[in-house]
Amino acid sequence: MSAFSFDAVAAILFIPAAAAAILAALPNYKMTALVNVIASLLTLLAALSLFVTERPAPGQYLLVDDLNIVFIVLNTFVGFTTSVFSASYIAHELDTGRLTAPNLRFYHAMYQIMMFGMNLAFVSNNIGLMWVAVELATLTTVLMVGIYRTHEALEAAWKYFILGSVGIALALFGTILVYMAAQPVVGEGTNAMVWSVLIEKAARFDPALLSVAFIFLLLGYGTKVGLAPLHAWLPDAHAEGPTPISAVLSGLLLNVALYALLRFKLLLAASPEAIGPGPLMVTMGLTSLIFAAFMLYRRRDIKRLFAYSSIEHMGIIVFAFGMGGPLANFAGLLHMVMHSLTKSAIFFAVGHIAQVKGTQRISEIRGLTESHPGLGWALVIGVVAIAGLPPLGIFMSEFLVVSSTFARHPWLAIPLVFGLLIAFGALLLRLTGVAFGEPRGGMAPVEASYVPMYSHLALVFAAGIYLPAPLVAWFQHVAGILG
Amino acid sequence: MAVIFELAVQGAQMFSVLLLAPLLIGFVRKVKARLVRRQGPSVIQPYRDLARLMRKEVVLADNASWLFRVTPYLIFAATWVAAALVPTFATGLEFSWAADLIVIVALLGSARFFQALAGMDVGTSFGGIGASREVMIASLAEPAMLLIVFSLALVAGATQLSTVAAFMGSPEVGLRVSLGMSLIALVMVAIAENARIPVDNPATHLELTMVHEAMILEYSGRHLAMIELASFLKLLLYMSLISCVFLPWGLESAGAGPKSLAVGAAAYLGKLAVLAILLAVFETAVAKMRVFRVPDFLGAALMLALLGTLLLFVSRSL
Amino acid sequence: MNGLTFDIAHLLAGSLVLISFMMLYQDRLFALINVFALHAVVLALSVAWQAYIQDAHHLYITAAIALVFKAIVIPVGLHRIIQRLGIHRDIETAVGIGPTMLAGIGLVTLSMVLMLRVTPEADPLAREDLAFALSIILLGLLVMVTRRNAVSQVVGFMSLENGLVLAATGAKGMPLVVEISVAFSILIAFIVIGVFLFRIRERFDSVDIGALDDYRGERR
Amino acid sequence: MSTVALLLCGPAALLATAILAAAISRLAAATRLVYGAALFISAALLATVAGHLAGNPGEVSAVTLPLGLPWTGARFRLDGLSAFFLVVVNLGGSITSLYGLGYGRHEATPRRVLPFYPAFLAGMNLVVLANDAFSFLLCWEFMSLASWALVMAHHRDEANRRAGYIYLVMASFGTLALLLAFGLLAGPAGTYAFDAMRTAHPGPFAAGAVLVLMLLGAGSKAGLVPLHAWLPLAHPAAPSHVSALMSGIMTKVAIYGFIRVVFDLLGEPAWWSGVAVILIGGVTAVLGILHALMEKDLKRLLAYSTIENIGVIFASLGLALAFKANAMPSAAALAFTAALFHVLNHSFFKSLLFFGAGAVLTATGERDMEKLGGLIHRLPVTSFVFLVGCVSISALPPFNGFASEWLVFQAILRSPELPQWGLKVIVPAVGGMLALSAALAAACFVKAFGITFLGRARSAAVERAHEVDRWSLAAMAVLAAFCLLAGILPGFVIDGLSPVALSLVGDRMPVQIAEPWLSIVPIAESRSSYNGLLVFAFITISASLAAFFIHRFASHAVRRGIAWGCGFVDAVPAAQYTAVSFAQPIRRVFGGFAFRARETVDIPAPGALEPARLKVDMHDLAWEIFYQPITGAIDFATERLNHLQFLTIRRYLTLVFLYLVILLLVLALWP
C-alpha cells in the first residue's frame, strides 16, 4: 500500500517530466495538444489518488501533508482544465498564424515542465528544493510569456525576467539565512533544510536571523505572489503572454509562491521571539488590495484588467493569512481555491473573447451578452463571482474575512472594505461596458468548447451554496495548522 | 329612545349647517356692503343664487370628462360630512367619534384634491393656474393646521373635537399665550382655506391672481351650485370650529334636554354673527396681497403654530 | 577554529565589500566591468579558502566557476556587447556618485546592525560573513538601481549574486551550493544573451502608455 | 413538515422556474408560462402564510439546512414579523405576476426578463425567512443581483446601463455595511446565527455602531436621503411591473432588515437612536416628495414618492424606538403598528401606480408627462384605478393611506410624554414635516393625475392610445379594491399586526374589531378615533342624496360647448399647463433651499419676435454634496497612481529596493 502511495507522489512529478520530454521530441505537432491534455489528466488522477492512498513518511526531499495536498489537487485540476482550453486556443492561434508548429512543440513542452516545477514545489520537503522548483516554474513561464515574439511580449518577458531574478536572489538569501539559523540547532547538512525537521526545532532557532530571513523570503516569494509594490511584472506578463498562460499564472503560479510564504510563516510563528509575520503580511495585503483596486480603473486592456484583479485578490488572501485565527485562515484557504477557479475561468472567457473580437482593448468590445450570449453571461458570472457577490464562493470567504476582522480589529476592516468597494466599482464599470450595450467587434461564433469555463463556474457556484462536510473539516484542520 | 333622540340631534345638525351656510355668507356680504356704505343685496340672496343656478342648464366643455361631472358632488359631500362632524351647538353627537379634528382637516383636503383635478380637466390655462396655486397654498396651510391640532391636543389631551371643546369650556384652561398663538394661526389658515381676502378674492373674475375662482371657472348650473354651497359650508365649518374650540361657551352635550340644546343653538348663532362681522370688517380693512406673498403669510401661520406648541412645553414644563 | 584562518576569511569578505564600493564609484562602463572582474576573483579566493578550511571539496568547483565564468568569460562578453552597442562613452549613473556612496555606507551599517543582533553563540565566522554578504547584496542592488544602462544593471546583479555565493559558502555544510552557483551562472548567461539579442540599452517603451491620457468618456 | 420548511419549497420552486425560464425563454408561450407559475407559487405561499396566521400566529417554526456557512448552516425561521412581510412580499408578488401575464407580452426582450423575475421573487422571500447572517446577506445580495439584471433588461439604453451600474455599486456598499454590522453582532467567535445574536447584547458603543451601519445598509436599499441617489434612476429603468416590485416590495424587504436587526437582535435601544432615525425619516419624507414634485417623468415621480413614504415609515419606526427606549410599550406599539400598516399600504398603492404607469407606457410609449394628457378619455378603467391610487397615496380619507398616516400622527401626539427634551422638541417639528410631506404628496399626485390623464392630449401618441389588456386591468382593480378595503376596515389590519408588535416592542394596540361600528381607537375614544367605514358611508350617502335631490328637482339640461376660459381660447394643447409649470409655485417656495433652484427670465426687447424664455436650473444637492466629491477623489487617485504602470524596469527595481531597505530598517528598530 505504502509502496503504491509513494508511487502516487512520484507519478505527480514523473508524468509531467516524461510528458515534457516526449512533447519536446514528438515530431508531429498536431499530436502535442492531445498528449498535453492526456498528461495533465493523468497527473490529476495521480493527485486524486493521494486522497485514497496513505501518505509516505516525510522524507528528506518529499513530503505530503494536509497543507500541500489541497494545493496539489487544485494545481493539477486547473492544470488539466487549462490544457483542455489551451488545446482549442492554440489551434486558433495556429490558424491565425500567430504561432508556428515549432513554437507549439516548445510551448507544450514548457507547459509540462512548468507543471512539473509547480508540483515539485508543492511536494518538496526541502526549502532548497522548493526554491529550485519555484524558480524553475518561474523561468519556464518567462519563456512562454515571450512566445509571441512581439515587441510588447518581449518587453513583458524581459521585465518579468529581471524582476523575477532579483526575487530569486532575495528568496535564496532568505533560504540561506534559514539554514544558518537552523544549522547550530539541527546540525550541518541536508537535515537543516528539511522543513518537517525545521518546524519541530524552530523554537530554538536564532530569532534575529529568522526575522531577517523572513523579510528576504517575503520580498522574494512576494515578488512571485505579485504583492504591491513588487507586482510590476505581473500585469504585462498576463497581458502579453498566451491566455492559457495568463490563466495558469493567475490561477496557479501565484498560489505556488503563496504556499512557499505560508510554509515560512509557520516556521516563523513557531519561534516566539522572532518578528511577527502577521503585521507584515497584513500591511502588504492591504497595500496590494487598495493599490490594485485603484489601478483597475484606467485599464484599457482586458487581460491587464484581470491581472490587476489578481493582485487585488492576492492582497486579500495574504491579508487573511496575516490576520490568522481559525476563521481568517479558513477564509484565506477558501478564497485562494475560489480565486484560482474563478480567475482561470475568466481568463478562459477572455481568451475566447479576444479571439472572436480580434482585440484585447476593452473599448472595442461591447454587448457580448447579445452577440455571444454563452460567452457574455459566463463573463458576467465570472466577474460577479470575482467581485465577491453571492451566491458564489468568493462571497463566503470575503464574508468571513470582513466580519471576523471587524469584530477583532475594526480599524483594519475599514480599509479592507474600502478597497473591496473601489475594486468592485471598477470591475462592474468595465463589465457593464463589455457585456452590455450595442454589440461591437467581431460577430463570428466561437468554435471551442465552453466546458472548462463553465465547469469552473459551476464549482464556484456550488461552493458558494454548499461546502461538503469533509472539505470543510479538511480546511478547518489546515486552518488550525496555520495557526 | 335616547338613541333616536341623539340621531335626531345629529340629523338636526347636519341639515341646520346646510341651511345656515348660505345665510352666513349672505350676512357677511351684507355687512361688508354696509361697511362701504352700500345697500347690498338682501341676506337671503345666496339662496336665490343657488336656486337660479339649479334651474339653469349646464354648459360642459367639449373635452370635459366624467370626473368633471362627478367632482361637484364629491366636493359637496366631503365638505358637508366634515361640517356635520364639527360640534356646533352640542358636543358628543352620535357620530362625532367617527372622525377627529385630523380627519376633518383631511376631508377638506380630499375636497380640495378633487377640486384641483376638476380645474385641470378641461385643460385651460386658468384651471392650471388655479390648481397649482391651490395646492401650493394647501401644502403650507395643512402643516400649520396640524401643528395647531398638536398644541390643542397637548392642552386637551385629545384630538376629538367634543373632548377638546368640553375641556376648553372647563375652568382649568385659563388664559395661555400659546393658545392665543394657535388662535391667530387658525384664523390665518381659515382665511387661506376659504379663499378670503387677503389671500384670494371670492368676488372676482378675470384676474390673474385668482385661485379658487380659477379652478371652478368652467363650472355652470347645478354643478356650480354644488361647489358654491360647498364653499359656503366650508366657511361655516371653520367658524364653528373656531367658536367651539376657542369660544366654547353654551355648548351642551348632546344628551342634555331640548331646552339646553335650544340655549346652545342660540349661543351658536350669536357666535357666528360675531365672527361674521369680524370677518367682514377685516376683509374691508385689508387689501388683497400678491399670490407670491401668500407663502409668507402662511409661513407666518406655520411659525406661530410651532411657536405655540413649543411655548406650551415651557408653560406646562411637560 | 584558530585566529589566522578566521582573519583571512574575514579579510577576503571585507575586501569584497570594499570592491563593491569601488563599483559604486565607477561611472564608466569599462571601468565598472574591470572592477567586477576583480570582485569575482576575490570571491573565488574566498570561496576557495572556505573550501579549504571546511575541507568541503565541492566548493572548489564553485570557486572555479566564479573564477573562469565571472572573472573572465562574462567580462569579455560584456566588453564586446558594449562595443557592439557603442555605448562605451556613456556617463551612465542615474544618481550622483556622492549620494550613492553615502547610501552605500548607510546600507553597510544597516546590515551590520542587523547581523549584530544575531545571538553571538552562532558561529562568529558565519556571522561576520553574513554581515558582509548582506552588505554586498544590498550594494549590488544599489548598483542596479542607480545605473541607467542594462549592462551595468547586469553587473550589479552579478555582484549581488556574488554576495549570495559568499553567504552560501560561509554557511557550514550547506548543501546544493554548487548547484545553486551553476544555476545562477546559467541565469546570468541568459540575461547577458538577452541584453545582447534585444539590444537593450535601458528599457523598452512601456505597453500601456496610451492609457496615460485619461479618457473622460468612462468617468462617472 | 414544519411550516417554514413548507414555505421554503416556494422559493425553491421559483428558482426552478427561473432555470426553466432561462431554458425556454425563446418560446412564445414562455411569458405566460413563467408569470403563471410565479403567480401560482406566490399565491400558494400567501395561502400557506395566511393559514399559519389563522392557525397560530404566535407560533415560531425554524429549520436548519446543511447549506451556506458550514458550521452555522442555512437557518430559516418563521415568526410574526417574517410572516407579515411574507404576506407583503407574496401579495405583491402574486398580483405583479398577474399583471405580468398581460404586460409581459409587450416585452421586447423577454429573455432578459423572464429568468430573473422568479429569481427576484425567490430572493425577497428568502431574505424574509433567513435566520443567520450569512444566509440573510446571501439572499439579500442575490435579490439585488436579480433586480440588477432586470434593470439591465433594456441595456442598449445608455441611461439604463448607468442606472444599473450605480444601483449595484450602492447595493454592494449597503451589503458591506450590513456585513460589518453583522460582524459586530457576531463577535470575534463568529456566531452568525440570529438566535445567538439575540441573546448576546453588544455594549453601548457597538450598539450605536450597529445602528449607524444598519441605517447605511438597509437605508441605502430603502432609499433614505442621502443614500437615495440610485433609486430614482434604477426603479424606473426596469420594466414597469419590476419597478412596482422594486418600489413597492423590495424597499419593504429593506425595512424588514432594519426592523429585524434594530428591534429584534440589538436588544434595548438608546433614546438618541430614536432621534437619529426620526430626523432622517422626516428629512427623507420632505426631500423625497419635493423631488417628486419637480419630476416630469411619470415613473421617476413615482420612484421619488417611494422615497417619501420610506421616510414616513422610518420616522414612525424611530418613534417606536424612542418610546421603546423610554419603556412606553403601548405608545411604541402604536408607532410600530403605524409603520407596519404604512408598509402594507404603500406596497398596495405604489404597485398600483406603477402598474398604471406601465399601462400608460404600453398604450402610448411615453413616460414623459409633458407628452401625455387627456388619457382619461382613452383609458377609462386605467385612469379610474390610477385615480384611486393617487387618492390613497395622498393620504386622503377614506382610503388606506390616510388610515396609516393618521395612526402615525396619533403616535406623534403621544410624544409629549417622553422624558427627553430633545425628543419633546424634535418630534413635533418632524410631525410638521410629515404633515408638509402629506400635503405636498397631494399636490404631487394632483399633478401626476392631472397632467397625465386630464386636459387635452399633448402628443399624437395619446390619440392612438387604447385601453390595455384584461390581465393588467384585473391586477390594478384588485389593488384598488385593497386600497379601499384597508382604508375602511383598518381595524382588521391593526389586529392582524398586534402579534408582531407584541413580540418586538412588548405591547399591542387595543383590540379594534370589538369597537362599535368598526371604528379604530388607538388609545381611548374620548381621545381620538376614526371610522373609515362611516366616513365612506356618509360621503357616498350624502353625495347620492345630493345627486338624487338635484336630478329630482333641478334641471337635467346639459349643453356641450367649447371651453369658456374667460374668453381666452388656448389654440394648441401645448399651451396647457405643463408638469413643470404646475410645480412652479411650489418650486418658488421650497426650491430655494431644497435644490438651490434659480429662475432666470429673459424677455426679448419690445418688438423682437423671439419668445421670452424662463430658464430654471436645479441641483440635486445629495448628488453634488456626497457623490461627486467621491467620484472626483477616485478619479484623482487613479490619475496619480496610474503613472506606476509606466515606469522603467530600473524604477521598479528601485521600488523593490526601497521596500527591502524599509523593512530591514523596521527590523533594525524592532524592540
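The letters A, B, C and D name the chains in turn, as written, and every chain counts its residues from 1.
Rule of thumb we're sticking to: a residue touches a chain if its C-beta (ideal position, glycine included) is under 8 Å from a C-beta of that chain, and two chains touch if they have at least 3 such contacts.
Which chain is which protein? Per UniProt: C = Hydrogenase-4 component E.
All figures in this text were calculated on a predicted structure; none of them were measured in a lab.
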Shared touch partners for chain C (Hydrogenase-4 component E) + chain D come out as A
Would you identify the chain whose Cα-based centre sits farthest away from the centre of chain C (Hydrogenase-4 component E)?
B
Hey, which chain is the most central one here, using CA centres?
D
Any chance you could check whether A-C or A-D wins on number of contacting C-beta pairs?
A-D
Take the average of all CA coordinates in chain A, do the same for chain C (Hydrogenase-4 component E), and state the distance between these two points in whole angstrom.
30
How far is the middle of chain A from the middle of chain D, if each middle is the mean of its Cα atoms, in Å?
44
Approximate Å spacing (C-alpha centroids) for the pair chain B, chain D
35
So the centre of each chain is just the mean of its C-alpha atoms; given that, what is the distance between chain A and chain B in Å?
79
Chain D: which residues touch two or more other chains?
165, 635, 639, 642, 645, 647, 649, 653, 656, 660, 664, 667
Considering chain A alone, which of its residues make contact with at least two other chains?
158, 162, 166, 212, 235, 298, 429
Which chain C (Hydrogenase-4 component E) residues touch at least two other chains?
114, 117, 141, 144, 153, 203, 206, 208, 211, 214, 220
Where do chains touch, given as pairs?
A-C, A-D, B-D, C-D
Chain D residues touching chain A in their complex are 66-71, 133-134, 137-139, 141-142, 145, 152, 155-156, 158, 161, 164-165, 168-169, 172-173, 176, 179-180, 182-184, 186-188, 190, 192, 634-635, 637-639, 641-642, 644-645, 647, 649, 652-653, 655-656, 659-660, 663-664, 667, 670
Sort out for me which residues of chain C (Hydrogenase-4 component E) touch chain A in the complex.
114-115, 117-119, 121-123, 126, 130, 133-134, 137, 141, 144, 153, 157, 160-161, 163-164, 167-168, 171-176, 179-180, 183, 187, 190-191, 194, 198, 200, 203-208, 210-211, 214-215, 218, 220
Quick one: which bits of chain C (Hydrogenase-4 component E) touch chain D in the complex? Just the residue numbers, please.
94, 107, 110-111, 113-114, 117, 138, 141-142, 144-145, 147-148, 153, 202-203, 206, 208-209, 211-212, 214, 219-220
The residues of chain D that touch chain C (Hydrogenase-4 component E) in their complex are 162, 165-166, 631, 635, 639, 642-643, 645-650, 653-654, 656-657, 660-661, 664-665, 667-668
Applying the document's contact rule, which stretches of chain B touch chain D when the two form their complex?
54-63, 65-67, 73-74, 76-78, 80-81, 84, 95, 97-100, 102-103, 106-107, 109-110, 112-113, 116-117, 120-129, 131-133, 135-136, 138-143, 145-147, 150, 153-154, 157-160, 163, 205-206, 217-218, 221-222, 225-226, 291-292, 295, 302, 306, 309-310, 313, 318
